[in-house]
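In what follows, structures are represented as structure tokens.
One chain, chain A, appears in both complexes that follow, with chain B as partner in the first and chain C in the second.
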Partner chain A sequence: MKIVGVTACITGVAHTYMAQEAIEQECKRRGYEVKVETQGGMGIDNELSEEEITEADVVIMAVAIGIEGEERFEEKDDAGKILTLNPAEVIRNPAAVIDKAVSLVK
Partner chain B sequence: MSDTMKGFISDLTKAFSTGVSYMMPTVVVGGICLALSLAGGDATAGKGMVVTNPFLQNLGIIGSAGFSMMIPVLSGYIAYSLAGKPGITPGMITGFIANTPIGENHVQTGFLGAMLMGILCGFLARWVKKWKVGDTVKTIMPILIIPIVTTVIISMVYIYILVGPIGIAMSWLITILSGMQGGSALVLGLILGAMAAFDMGGPVNKTATAFTLALMAEGIYGPNGAYRIAVAVPPLGIALSTFISRRKWGADDRRMGSSAAFMGLIGITEGAIPFAVKSLKTVVPSIMIGSAVGAGLGMIHGVECMVPHGGLIVIAAVNKAPLWYAVDMAVGVIVTAICLHLLRPNIEKEQ
Partner chain C sequence: MISRKLIFIRQSFQNRLAVIDFIAAMADKAGMLHDQQKFIATVLDREADISTSIGYGIAIPHGKTDAVKEAFIAYVNVKEAFEWDNITKDRVKAIFLIGVPEKHTNKLHLKAISEISKKLINNSFREELFRCQTEKEAFKLLNSINKKL
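Up next is the complex of A and B:
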């Protein structure tokens, strides 16, 4: 299983990075490959490349705001492989979120 | 609720959040610089805070620049969230227009107008993006067609269709207010206070300002005193609420609380705008009630302020009942915090 994600919250100082950590930890615990791009107050960090997005089985969008480079995910969106939700939900219950993301793959 | 409606509402929520997200640093830079500059000034009768120190004057220039940028940034990124990159330019330009006095009545719609401009630009740009065009035109779509079409159409709609009625409504409000002068002082205070908080720098707020300034020119300082209490209440009340009702605000909002408090003391109502944009229906009624109470009490106590500026820093220029000025402001602030506590839902615990 390979999961990529983007996190972005309104102020871009706390939730963006807390959501990133939550996704990464939960995926690592399950032995999934994971990479999470953050679009916080400092701009884009840990940017996802086109290949990484193409190779991923599913994309988690933990975003509360409009993000940069949304067009990179169009193909995944058409394939129905994107799970979009609020960063706070991810922080609250990462296991349920990853379960839901995995269910999109099958 | 139908799915299209749900999609529309979630698009709007996301757009407002995006706008606030990008506007926030601008509010902070503008607010802090302006506040530091004003804090070093003297309250002068008829003129407001007069800053004489050249360094502080320059700091004031930075602050004002930040404040004039804040409205276009808000509308620009609302449009960006809806339409992507091609939305930014139309959103910023129309937001700037919304914040520029236009026409005989000097109609200026401030952040509410800018929010509307951002939404309209966003949806129009999103639609223009979908036009099926030939390959030659396609290359110039994002840099020429979309920005020009969107900016010109929305600006013209604003200038020719919206500004006229708003201007007429503003002069009508002034007539009503003038009619009330000499009537019940309490009612006048309540209305002025509610107007100050309603749109924080928009046409309703500006109408109240124009009215109190006109009275000051005639040597009547009471309504100005009440109004200047009201001006400080929204940011102070919200700040107090973020301090005491901790379960009602997210971590991000609580961090913004102290800068809102600072702006409130210095009489900058705009400090409340980021909170209001995120939740108009809980914040606006609360601050309107709080400001109305503060200004109403101010009228009863006969508070008179000689300068057209608000907040606690002008207390030296409150020539009648300065103690009541502070007390009434505090009461308004507490009322705002109570209303917010009652109106806002608890935020679920995060981690």
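Up next is the complex of A and C:
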């Protein structure tokens, strides 16, 4: 399983990075490949390439605001492989969110 | 950055407003704020928008406003958990209040705050944090994260 994600919150200081950590931690626990891009107060970190997005089985958008480079995900969106939610949700319950994301793959 | 002056262990607060008021006053005293009342209003607006309780007994109220002079993160831990808000009904015992200036933010400060935030997702780190009985212990633990930057 390969999961990529983008996290972004309004203030860009805490939730963005906590959501990243929550996704990474839960994916690693399950032995999934994971990469999470953050768009926060420090700009864009861990930026996802077109190739990484193409190769991913599913995309998690834990975003409370519009993001940069949304067009990179159009193909995944058309394929119904994007799970969009508020960053707070994945922080609160990472296992349930990853379960939901995985259910989009099958 | 986390400052020893902005860590308060085993406090007796029983509601969100009281703890935010208290930390804002302490942050002002430590020279972190231009306008204490404006900062409090911004933090409460953000809470009204969506609760900053993240689960795990932790809340991270925050305000991004020009009322903040320098980015900071303060930590308060209470003796008895209390209900943070009437929507999530989460009982909270650890509060991290974050203040960030609207513009010209020091990237290193943001990095420090984000690193502490990330650690809160980690079970064993939270256990360690909740075990701290003194300001000194909590400072040592929280500062150890920032030392790695």
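Here is the rule we go by: the second predicted complex is superposed on the first by the 106 of 106 C-alpha atoms of A that agree within 3 Å, B and C clash if a C-alpha of one lies under 4 Å from a C-alpha of the other, contacts with A are read in each partner's own complex, and residues count from 1 in each chain.
In the analysis below, a residue touches a chain if its C-beta (ideal position, glycine included) is under 8 Å from a C-beta of that chain, and two chains touch if they have at least 3 such contacts.
Predicted model only: the values in this text are computed from it and were never measured.
Student: Thinking of the overlay built on chain A, is A:M42 touched by chain B (first), by chain C (second), by both, or by neither?
Tutor: Touch partner of A:M42: chain C, not chain B.
Student: Could you say whether A:Y17 touches chain B, chain C, both of them, or neither, answering first, second, both or neither?
Tutor: A:Y17: touches chain C, not chain B.
Student: Look at A:A101 in the shared chain and tell me whether it touches chain B only, chain C only, both, or neither; answer first, second, both or neither.
Tutor: A:A101: touches no partner chain.
Student: Is A:I3 touching the first partner chain B, the second partner chain C, both, or neither of them?
Tutor: It touches nothing on chain B or chain C.
Student: Once chain A of both complexes is superposed, is A:A88 in touch with chain B (first), chain C (second), both, or neither?
Tutor: Both partners, chain B and chain C.
Student: Applying the touch criterion given at the start, work out whether A:E70 contacts chain B, chain C, both or neither, answering first, second, both or neither.
Tutor: Once the two structures are laid over each other on A, A:E70 reaches chain B alone.
Student: According to the stated criteria, A:C27 is in contact with first (chain B), second (chain C), both, or neither; which is it?
Tutor: So A:C27 meets neither chain B nor chain C here.
Student: Where on chain A do the contacts with chain B and the contacts with chain C coincide?
Tutor: Correct list for chain A: 11-15, 18, 41, 88, 91-92.
Student: Which bits of chain C are touching chain A when the two form their complex?
Tutor: It comes out as residues 46, 50, 54-55, 60, 62, 64, 96, 98, 100, 105, 107, 110-111, 113-115, 117-118, 120-122.
Student: Report the residues of chain B in contact with chain A in the complex, numbered from low to high.
Tutor: Per the stated touch rule, the residues are 14-15, 17-18, 20-21, 24-25, 77, 80-82, 84, 250-252, 255-256, 278, 348-351.
Student: Going by the contact rule set out above, which residues of chain A touch chain B in the complex?
Tutor: Residues 9-15, 18, 41, 63-66, 70-71, 88, 91-92.
Student: Would you mind writing out the residues of chain A in touch with chain C in their complex?
Tutor: Interface residues on the chain A side: 11-18, 20-22, 25, 40-42, 86, 88, 91-94.
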